[in-house]
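Two complexes follow with subunit A in common, the first pairing it with subunit B and the second with subunit C.
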Partner chain A sequence: MINPRLLLPVLSLAVLVAAVFWLQPRAMSYVGVNLLFNLAVPIALATVAQMVIIMVGDIDLSMGAFVSLIACITAAILPENPALGWAMLAGCVLTYAALGALIEARQLPAIVVTLGMSFIWGGAAVLILPSPGGSSPAWLTAIMKAKPPLVPMAIIASVSIAAVAHLLIMRSGFGVRLRALGGNLRAVSRAGRSTVRLRAMAYAVAGVFAVLAGMALVGLTTSGDANIALRYTLLSIAGVILGGGEFTGGRVSPIGAVIGALTLTLAGSFLSFLRLSPDWQIGAQGAILILVLAARLLVRRAEKRA
Partner chain B sequence: MRIHRAPWFWAWVAAFAAFLATWSISAGGGGGAALAVAALTFASFSVLTGLGQMLVITMGPGNVDLSIPATMTLAGTLSLKLMGEMTGPVWAIMLAGLVSALAVGACAGVVNFALIRLLRIPPIIATLSASFLYQSLAIWSNRGLRIKPPAALAEFATGRAILGIPNLALVALVISIGFWVALNRSGFGRRLSAIGQNPRAARLAGVPVARIMGTTYVTCAKMAALTGFLLACFSGGAALNMGAEFLLMSIAVTVIGGSSIAGGDSNVPGIWAGALFMYLIVSMLNSYGLGAGVRLLSTGVIIIAIVAVASGRKAQA
Partner chain C sequence: MASARPNTTGPEPVVILDGASKSFGALRALDHVDLRIDPGECLGLVGHNGAGKSTLVNLVTGQFAASEGRVIYPGAKDHRQAGIRAISQEGMLCPNLTVLENLQVVQRDLTGWSWRRLAARRIGAALDAIFPGHRIRPEMPVFDMTLAEQQMVEIAIGFAQGAHPARLVVLDEPTSSLDASISAQLLAHLRRFCAEGGAVVFISHMLGEVFEVADRIVVMRDGHIIADRAAKGFTRQGLVDAMGHVADESHEPSALRIRALGNRSDAILRTPEGVEARKGEIVGLAGLAGHGQAEALARFYLAQSSDWRSLAEPAVVFVAGDRKRDGVMPIWSIRRNLALAALGHLCRLGMVDRAAENALSADWQARIGIRTPDMANPILSLSGGNQQKVLFARALATTAAVVVMDDPMRGVDIGTKTEVYDMIRHEAAEGRTFLWYSTEMDEILNCDRVFVFRDGAISAELEGERITEANILAASFEFGDAA
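So, the complex of A and B:
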């Protein structure tokens, strides 16, 4: 039984994959597929992180700055001083949890708090790594650039991210409680749960996925930079929406979010295969986004009539 | 009148404190006038974008315009290109530039609202996707060329005609007063607040929701376009990244100024306080001689602290 909410994201990804293979048949190989989807892995992780935030009714405008900070810590501190590096990464996750608690306890608008946090993450990243550089820990590069037989690493990683996120968010009791927080806050608190604690946990989960995104990015690029992932903020929000998520009511789809991230990454490759003038690359991405969302409207209308 | 209860009161206190702090450390107490002029000039850009963003945010959760930077760049680029190619009397060129910038803004606003209304795309995503298109258009149309504004316009944008107050600040002040009247004394303002407080109730009460929302998005885009035009004239030409900082800035000044992010409650004086504060805080940290990292960090901490304190105050009331 496939969720109808997932139909359109799957379809748009399939159409794009077909178009890319048609334009560039050589991409239809182990190496080709890996190259196409490599950079989608960190984006998929960041999108899942953003999805968790959107699921509880908030929005995170600091995602790009946070992933950049994690990339800086991973590249500059983790290889030299693993103990300190891991402690800092754990500290980042705890800070995220504290943010969630602060937002719930003081009833602050998440959009503004994360806006402020984006300055803080950006400042910390510049302090840790003033100029681009650093190196990736050997084990991290080994994981990210591994060449398993038959199926490229990028595909295995994407599928595992989707599976883990799906089990955690859709199938576990913990996930249900978090979704309920976005769906009906009052019901959750009447049921005797601490909303402060739940929101803190949701932010912690998002923090963990975002940390993994930063580490995966460094594993691929083998260096860090304070601006390396700034575009992730917008990419991750767009990925969640493309994947069938909504801004209200705890309605999200982890599998859809991963597919949305893959679609966005592939759209970039598709446009460069089209030999589109670089002037129009960004614009065409916007147009693709609008097209997919327009298609979603048509599908919804058809569903209603049926 | 209990002035300390006004939502913009604390923002003004913070802005004033930041001014004093910057003044006292820069050049041993001198240069207060220079600091005030710089603050007023740069704050007027934030005010102009902030006013538009405030209207949009007033319509309630989910309403925000992320296309402000791209609209600014597009309007600045196209209007300067037009003025660069025109020949004739100076006033005609200037007028054509202003009108073309506003027309670009109006088009952007109509596109934004069409995506939101006709395709039912959430405003955040709609304005974001549209901004990609505007950005591409701007890149394509100017190809990295920097066209200088007419000398008279550049003079006006950097000048201080009356009492030494920057012209830009006067323009922003006049427009702010217009916004204040529209929000507090006109049917449009009442209807806008009604939508922000409860869109369903507003519709049932006969408020033409679509028309008000459309007007608001178009007004916001026009304000962005006007800011882009003035900023391009001020800085001697349009640059592709010239709007970048105004995305966060327009949201930040709205919220710091005490407008409710949940919608339905906006105030104009707070926009000025927020804009002055944001500029002064950065120049204060600059004059302490701090590095870029610490500066960013402190800015973030201060924003969050203000929002945490300000919201707590509202919760008690």
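So, the complex of A and C:
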């Protein structure tokens, strides 16, 4: 039984893949596929992180700045002083959890808190790495640039991210309780569970995925930059929505989110293959997004009538 | 009455309320209530709006702590361990989860790798036992289900097996979205559950159902239990009489106030539900809360006011009861809050005329008695009653011919109430029409005509001397037998 909500994301990805292969048949190879989807891995991780936040009814406007900070820590501190580096990464996750607790306990709007935090993350990133540079820990590059037989690393990584996120969010009891928070907050607190704790946990999970996104990004680019991932904020939100998630009500799909991230990355390559001037690419990417969302709206309406 | 001591003879009771009180600010929702519920008992709980039913239920189910007195669960440390479950009226499912996942939210012992199998078995067994022949699968997402199916799932969760078996289940209007045959299945299950030693508290506006299932009936009024005896000791009429105030001298008969409102065919407005009003008439919408009155008002108001080209002078104005949600602008001054609806004629060339705004608010401060040294103070500096007066002034400051009021006196002190009643009568005499939804009986008794709502439709239209508490209560509760 396949979830009908996943049909549209899968379909849009398939159409894009077909279009890319048709434009550029040489992409239909081990190296080609790896190149196409390589940069989708950190975006997919950031999208899953954003999805967890959207799932509990919030939105994270600091995702790009946070992933950039992680990239700076990974490139500047982790290779030289692993102990300090890991401690800082763990501290970042704990800060995320604390933000979640704060948002729930004080009933603050997440959009404001995360917007404010984005400046703090950005400032910290500049402090850690004032100019682009640093290096990737050797083991990290080895993982990200590994060449397993038959299937490229980018595909293996994407599938594993989707599988892990699906098991954690959709199948485990822990994930069910987190999703319940977005579905009906009052039901959760009526059942005698601490909503502060649950929201803190959701933010911690998002923090872990965002940390992985920053590390994966450094593993690919082998250096860091305080502005390296600023696009990720909007890309991750778009990816969640593209993947069949909704802004309210806790209805999300981890597999869809990963597919959404892949689709967005591929849309960029597709436009390059069309030889579209880079000036127009962002606009064209937006047009693709609108197209897919419009299709989704039509499908929903047809569903409702049926 | 029940003894407050846990160690009486016979089976240990499930819960004991010992002089329990609950206050919300100045309002005493529950006043020194003693109640004891034994295993195997099926308790029917009846009362009109604000009688204290939900507060009582929330104390028993551990949602509120008592302000005074105690709630005791003999042999258990809290309500959860005592096996007390609540099935509330207001949808406590997470629509984004499946049926079995909703059980995970409520139960704590669904851990480990195979929790899904265990949850599916528990909820499936409960559904099979209560609603044989149902077509609900545990993997179904809740948002795909009908309202009735969601209600069935909620009931099944209440009875499902868990770490602490259900010993007392509180059902608040459980049959409101179920059809007759499913309701009958539920009632049969309740009787079976009690026969096997479980206890039930059953709240319903369908008195037929209460008589069918309850072996003891508790009647509440004004935060007190005013009658508590075996169901056989009540007749239906006696039950309705008990819910009302027996001696009510303060109420002047409406007949004395009957005014010349013209022929009934002169209605200036009529809603799809059938509520109609003449010029200058105060029309009350009564009945138990949540039976479609607020929705009827909102539909009427939005149909009159939601328009692309909004008129400078609205034809209908709205006085909110839920001040926070649809009333005050929390960071604005009192003056701005008051002048909001009349801005259309306070503007000159698109700019707000400050002098006119000041004059208007000063005028209304004097007329309606808003107690503040300075109308430029923030609205939240006022007490709740005075905030409500500002909302009244906002509506009355327009030239709108119709004023729609959505239970506007919620949580307002008696002094303010009296002042506002006078204001309303005065305005009505000058030709304004009021549509007034109220959950409070003494307000409804102030109306010229009353429509009583039940299950989203009008169940009675009362006028003049027929507007009595007994008639309104009778129309609020369903007499017919549950099929």
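Here is the rule we use: the second predicted complex is superposed on the first by the 306 of 306 C-alpha atoms of A that agree within 3 Å, B and C clash if a C-alpha of one lies under 4 Å from a C-alpha of the other, contacts with A are read in each partner's own complex, and residues count from 1 in each chain.
Heads up, the rule we're going with is that contacts are C-beta pairs under 8 Å (C-beta built on N, C-alpha and C of every residue); 3 or more make two chains touch, one makes a residue touch a chain.
The structure presented is a predicted model; accordingly, all values stated were derived computationally and were not measured.
Of the two partner chains placed by the overlay, only subunit B lies in contact with A:L289; subunit C stays clear of it.
After overlaying the two complexes on the shared chain, residue contacts for A:A191 are found with subunit C alone; subunit B is out of touch.
Touch criterion met: A:A180 reaches subunit C, while subunit B stays clear of it. Between subunit B and subunit C, B contacts the larger number of subunit A residues. When the shared chain is aligned, subunit C comes close enough to touch A:R251, but subunit B does not.
The interface of subunit A with subunit B does not overlap its interface with subunit C at any residue. Subunit B contributes residues 62, 64, 66, 115, 119-122, 124-126, 128-133, 135-137, 139-140, 143, 248, 251-252, 255, 261-262, 291-301, 303-304, 307-308, 311-312, 315 to its touches with subunit A in the complex. Considering their complex, residues 59, 61, 102, 106-109, 111-113, 115-127, 130, 234, 237-238, 241, 246-248, 277, 279-287, 289-290, 293-294, 297 of subunit A touch subunit B.
Per the touch definition, subunit C reaches subunit A in the complex via residues 62-63, 80, 86, 88, 91-97, 101-102, 104-106, 110-111, 115-116, 143. Every residue of subunit A that touches subunit C in the complex is listed here, in rising order: 171, 173, 176-177, 179-180, 182-184, 186-188, 190-193, 249-251.
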